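Each of the next two complexes has chain A plus one more chain, namely chain B in the first and chain C in the second.
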Partner chain A sequence: MNINRLIALSKSVQFGKILTSNARHATKEVTLPNRTIRTHARNLAYAKDLFLGKVNKAECFPYPEIGNEELEEINSFVAPVEKFFTEEVDSKRIDHEAKIPPETLNGLKELGLFGIQVPEEYGGLGLSNTMYARLGEIISLDGSIAVTLAAHQAIGLKGILIAGSEEQKAKYLPKLASGEHVAAFCLTEPGSGSDAASIQTKATLSEDRKTYLLNGSKIWISNGGFADLMTVFARTEVVGEDGVKKDKITAFIVERAFGGITSGKPEDKLGIRGSNTCEVSFDNCPVPVENVIGEVGGGFKVAMNILNSGRFSMGSAGSGMIKKLIEMTAEYAGSRKQFGKNLSEFGMIQEKFAVMAQNAFVMESMAYLTAGMMDRPGVPDCSLEAAMVKVFSSEGGWICVSEALQVLGGLGYTKNYPYERYLRDCRILLIFEGTNEILRMYIALTGMQYAGKILTGKIKEMKKGNVGVALEMLGRKLGDALGRKVDLGLTGMDGVVHPGLADSAKKLEQNVAHFGSTVENLLYRYGKTIVEEQLILKRVADVLINLYAMTAVLSRSSRSISIGLRNHDHEVLLANTFCTDAFFKNNYWLTQLQRNSPENQDENIKKIAREVLEKRTYVCSHPLDRTF
Partner chain B sequence: MNCARCLLRLQSVGFLAPSVRAAVQHAALLQPATALSQITVHNTRGQALRRFHGSPGCYKSQPVPTDPGEEHEDIIKKDKSLITHDDLFERVAREAKTKATFNRVVDVFSKRDIRRRGHVEFIYAALKKMPEFGVERDLTVYNKLLDVFPKEVFVPRNFIQRMFNHYPRQQECGVQLLEQMENYGIMPNVESKVLIVQIFGNKSHPMRKYQRIMYWFPKFKHANPFPVPLQLPEDPVDLARLSLNRIANDLDAKVTVYQMPCTDISESGEEITFPHVVGIQSPDQMELLAKHNPNRPVFVEGPFPLWLRKICVYYYILRADPLPPEEKVEESYDPERCFDYPLQLDLDLDRDMGDDDSFDVEDVDEGPVFAMCMTSQGDQATLNQWISGLQETNPTLGRVPTLFRLEAGPRELQGVADPGPGYREEGEEEAETDIVVEEEHQRSQGVKQ
Partner chain C sequence: YIVTIRVKPDHSGVVTDGVKHSMNPFCEIAVEEAVKLKEKKFIKEVVAVSCGPTQVTETIRTALAMGCDRGIHVEVSGKDYEAMGPLQIAKIFAALAKKEEASLVILGKQAIDDDCNQTGQMTAALLDWPQGTFASEVTIDGEKVKVVREIDGGLETIKISMPAVLTADLRLNTPRYATLPNIMKAKKKKIANMKPADLGVDMVSRVEVLRVDEPPTRLAGVKVETVDDLVAKLKANGTI
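Let's look at the complex of A and B:
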């Protein structure tokens, strides 16, 4: 049986190679050869199926790979970039002067880093998502540069790339790819970030119907001070299907040369100080109608797509940063002596390195799994996965940087070492590209909507008192209680996980089954009003993130064992440790989710917050106060 | 019976010694000043006992040490102890009813007779007179009254005394004193406790009363989540500010003074007083008013009373009728509202009954209140000033018809003599006139400035 499994595994690995190498070509070529294999599976998504208690193993197993040629290609890109970042980039100076020096920017342009994902026909590097993630690992070594580049290509020019017309692409992409023009993304307005209703910038069509006049101002625009090209979202009047005039959001490509654009003073920020963030105002800025991205009134979808696609690379960026930090702190811990012992011999220091290694490993696994899924042919919707990668890696990154600083103690707190800069820089990860709170809502609600659509019928039957459905449910619950083994097919005959990881795979299966029944229970209990239950949604999102992370590490280490990668036993160790840890956390959260609000502390939490917020101050009297 | 008590007393002298010392030490710890004088008394223990229980005749003949300048002393000395002590206070009160005179009466009584004969009656009388002298909320005065009780005498010395009500009249008087403190909300302090222990002993009724007060008072001290300050501001504008903030209970609400109180002399030489106009409005109310349909009128209503301790103030509101059901616009869900996550789920499932924690509350539709104001003169002209002031920040108000629905409420309450400030004190006429005079004073000062 074992042999069978191995054969199955090697087969699937083989298959994965074919699939991903096809994907690589698919992104390059307009015609897609060999697309006949499994393209029908495209509408399936891994994370959404977890809400139904299913593991869609075809999506995540085997771990996506790139072909040898691509590997060589990417390595040839990586080497000079790495050299540039270690030798030419002076991060301390960038942070101190709050400006990236022009020679550094020119170096980045020469390396082609301004057009990583722009197709080769428009002068870019035309790299896939996987390769973009790989470069992100190195670029992230300097937060300011990473944010400048991300604002330029992950969101700034993404609109043209995914929704622009051929003419727009031909006109703008070459200059953007070479770095001659820098792009910016102008969405946020003083009202708030995620609320489309707060967008007040107006675009009014001129009488000759050839230009729009833009009026309004945008805040917190990365690259806003020097960007030559901006993707701007503004309200336009659109006549709806029912003949009623409505204000809808439209995306525009705006050149600074159009005139009427002023940039404010750069914001003085905590971290990523070298990146330029400022207010941009438009005063009767004329934009020709052909510069509308997509269709008039379709800006909302454009904005959503840009935002959703920009997030996945944060995982690899975070892991790149942590890997660097591990190297730096390990050297210190190995040489610094206390009480005649090296720091590395103390348990509490060792734990910090274990945490860092584990986090880097999980982030990396998630990031490349997601990038690989996005690179597959078809138009995969991986926004849920990308959001999970962003949340996990931003929070993991913050913890790891803090632990790394702690290893050095007081030294880490000084400006003589780069740790404080990393700490400041990586704090932004929890905030931008959608705050983690908002992304958790997105993760949980998207899944709930998906599961709800499918389960509504069943739940209604149950509420009506259909005996059959209720009995089935009861039977299942009884089975769970009696300790029936959950088998979702990750191990065993058609298993995709290596036997060395069978225990962890079983834990994942158990969690997934439990999660599925919990989601059903939540839908039964709250229905559509679950939107209001943010504390519940937060736990749902956290469990899902852990489930996806477990899948990623299992998939990655299974592949590593199977093809005999160097140090794969270390990967197995990390994967098993992480899965056990996550298993317990998930069980805790899932148990809380099954309880009512007084039992899982939600009620108390809300009450505390309410009382504090009512008074807008800390409520307790001082411990030294007295009444007589 | 007297014999028996004497015997008992003699026996207990031996027992008393340690307890006296303990009490003295206790007192010395807490109040070094008073303790010193007491030690001198207690050192001659036998004498002290004899003094309390010896023949009254022999002491009466002794001259009581008094200040030569005390003329009241003579008045009091002539009195027989049986006459009511009200007279004592009455006689003193002829010049002025203050804390000082009250204290003097108490001092006089304490010094007159070392045995403090008639102290129970005196204390009852004093308690009754306290509000008159304005010292009913003064803890030191209560302690001084407690100090009138002779010390050590009423402390039970054996289990039988402890079991039965020892010196019931005195104990009851002590309880009554504490009761009055309780009624005025005065919390005893450590000094009171020491006095009670010295007078009645550790497990007496007054001590129990003290303990009960000390148990409940601190618990109730902060029971009111909206405490009214003990000293209300005297300035009508400040008072209006305080009251408006209190009614609005919204931390965002902003108080605007539309007109400061002042007097002016017109060309014809007449004195015109301008009343104060103070209003409050929160951003939420401004938003509501901005959304108000200009075809529907808004109403200025009032005056409504608000009591702050003993002061009653009146306020006016700007409100509208509740929206008729046909004009209500349900805010429709816009799926393109949030860039990041769906604000509503497209599901045909509602909350299960088991998780529906909401109460079944019948909502009574009330009209929105847009703003509130306080003024000392509730006529339409003054209130118009408020409305025109509001218009500066709420431009819609200029297009909305404003109706004044004022009642003559406060005018009747204010009475004839009252020149018409926006508030008045009930009960204490003197205090009221004081404030009116003060207000006039302030106004004239305002003119001078």
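Let's look at the complex of A and C:
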């Protein structure tokens, strides 16, 4: 074929290989199996198109804004909550006693913080996701309180809010909003953590079909020791359309008053010690059929929706915490002197502050972009974006807290300062609400499933003889091979990014294009088996997270420049620095993802792991050993 | 109230631009007392008043969220605002008290930015009303008010007739937190807007600020070994 010879002449041999392999694989259908992590490409928002090398400008530009009235309202809320937290919350005592004092909890209830997102008609504040995120910045000043509140409203009562019937809402929401009743979310079991679909708690329908009897036990339940109301997930027998009986998961509203519920003793945790975490056991607990949330058998979807809807707030909570840390640490760095200079004059210390500032900036930008998208009418599915915010924020937060502690050196290590408590409280962020490993898989696979569908569609069209599609794909490949410049519409005449950020926008566009073709590549190379390749999916997820972060940061700073926000040149500096850093990281990972890349050591890594895990110990002989 | 105060480079005053402003703590106590009196049914309505630029409406909203029924924003901005002092405010309050037919005017004893401690007293004088200042306890008894005042020598109890002016001292009460649901309810409460001219008040200040300086930086001390050394040093720098 002429095309082959053209490619052989082009400088980038790699692309040539891709094209010939495309010609060979064009007939292979690319479909992905039905995974246990269920995703529906309902109306997924922005990130999915990145997998196709496309930037869906309209979703993220301009940066979402809230109306003046809403802004005034949220500002009027911030002051009293901040006041309460600075005056009435003794975080050190809460951590030491592993308990939140009842007076503090009552204060929080009176402030109205137990029903932030419950609609006004049910006695709550009815605030939007954006406002919830804003309040989260302040509530995160104390980790235990933040988790207690989140367990109650972000997941505990969310099920009723998003999937409950009118009767259920009217019956339960008012007392939950006032804090008279506290809620908990009961999904995890000793044998089912990340693999949530494998839970074993059973709900058997009674003879008179009026009550379910709940049997089983749940662990790691926040607020489990005193919650009056729980959203419990259990297996129920469902008769499928084909007449086959299956055990599917159903969500139930369970009141402690129903009886048969015992709570274990509180877990002695590393961090968030003031938050109550314990085992909850159900022994023939009777639940009326009216308390099923949504449909019988539809519980897993409810669970995933609940978890997806609360995740984004970790971004604003994390950034709130880092901003506080920056203030505290900068005070110290500006006054502590060693070698005759302030600590703030040393490069390695300065770097730490740059890292903290960038991280806070990115987290904020991502969180409020996601919240803004979620607040749009039509309820777009931002589960992918929310997951990305969570992964970035939890890991960024962990790094920043560690660096902040490092600035204070020995002092940071003592309990006299709050840094060690922030560190301990922070560690859980990478674990709960979906471990970062699971979320990376979710991020990568959701996108690849979407891309796979589109590609399969295109291949079908090609097979049917749709020349247009075939030419388009060939044209794109040629363009890539000949090094055509990428222009996705972010800069230039109709560009959505401010000219002051044009360089970074170009970097983003380059990354996106490279990412799109890499994804296509991977799908051709692996097809269904991509599900098993965690190390590949990890890199895909990491690149995507960076791409979303770059988008958020460019969108936010473009707006800041355009409206002349105070200190916008500092924002531009942060944005450009982050984007350049992310650009090079992305390039490295994408290079590792190319076929036969020497930068990719996955085979060795897996081999090492295999040998260690086989022996279940460190394998090498001791360096001092002798053979004679 | 940790705010780093900086003097303007031209020494005409203190930088207020971009500095977080909030309700004066003694005024919070005054609002709390007024709301308490209403809850005990001694008074019918509480009106929160603030004089200043647009931003003060936020403070009025906080008062509404604490339980006041309505607010009045007397708009003063620019040069007038910078020159505004206790006398001008007292004139405005006196005019409003008459207009609204108030039985009580409750203020904080002083503002923590200028520490003047004059507004309450001037208001009472302009209205020719009795005043109960530095109140640490207020009890309404029919047409009279019993006020326990914190004075240098201890506590003084007085009984004054209404209408009267009271100023709140620290131990009068502990102000409640404006809860978020109350803040939302407060949005529906009305804040009336007016200018000093509408009340017939002339804002011209009889006081001119010549110069504002930061307090001199503390000099390091010197340790001495004996009393004789101390006497010698004190003589040397002319103190004795």
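Note that the second predicted complex is superposed on the first by the 550 of 628 C-alpha atoms of A that agree within 3 Å, B and C clash if a C-alpha of one lies under 4 Å from a C-alpha of the other, contacts with A are read in each partner's own complex, and residues count from 1 in each chain.
Note that contacts are C-beta pairs under 8 Å (C-beta built on N, C-alpha and C of every residue); 3 or more make two chains touch, one makes a residue touch a chain.
As the structure is a prediction and not an experimental result, all values here were calculated from the model.
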Overlay on chain A: chain C relative to chain B, clash or fit: fit
Chain B versus chain C as contact partner of A:Ser76, first or second or both or neither: second
Touched partner set for A:Leu113, first chain B, second chain C, both or neither: second
Chain B versus chain C as contact partner of A:Lys453, first or second or both or neither: first
Partner chain(s) touched by A:Phe84 [first = chain B, second = chain C, both, neither]: second
Which superposed partner A:Tyr526 touches (first chain B, second chain C, both, neither): first
Which of chain B and chain C A:Ile249 touches, first, second, both or neither: first
Which of chain B and chain C A:Tyr442 touches, first, second, both or neither: first
Partner touching more residues of chain A, whether chain B or chain C: B
Chain B and chain C, minimum CA distance [Å, superposed model]: 35
Complex interface listing, chain A residues touching chain C: 72-73, 75-77, 79-81, 83-84, 107, 110-113, 120, 125, 566
Complex interface listing, chain B residues touching chain A: 187, 189, 214, 217-218, 221-222, 251, 334, 336-352, 354-355, 357
For the chain A and chain B complex, residues of the former touching the latter: 187, 193-197, 248-249, 300, 303-304, 307, 434, 438-439, 441-442, 445-446, 448-449, 452-453, 456, 459-460, 463, 523-531, 596-597, 616, 621, 627-628
For the chain C and chain A complex, residues of the former touching the latter: 18, 22, 58, 61-62, 65, 177-181, 183-184, 187
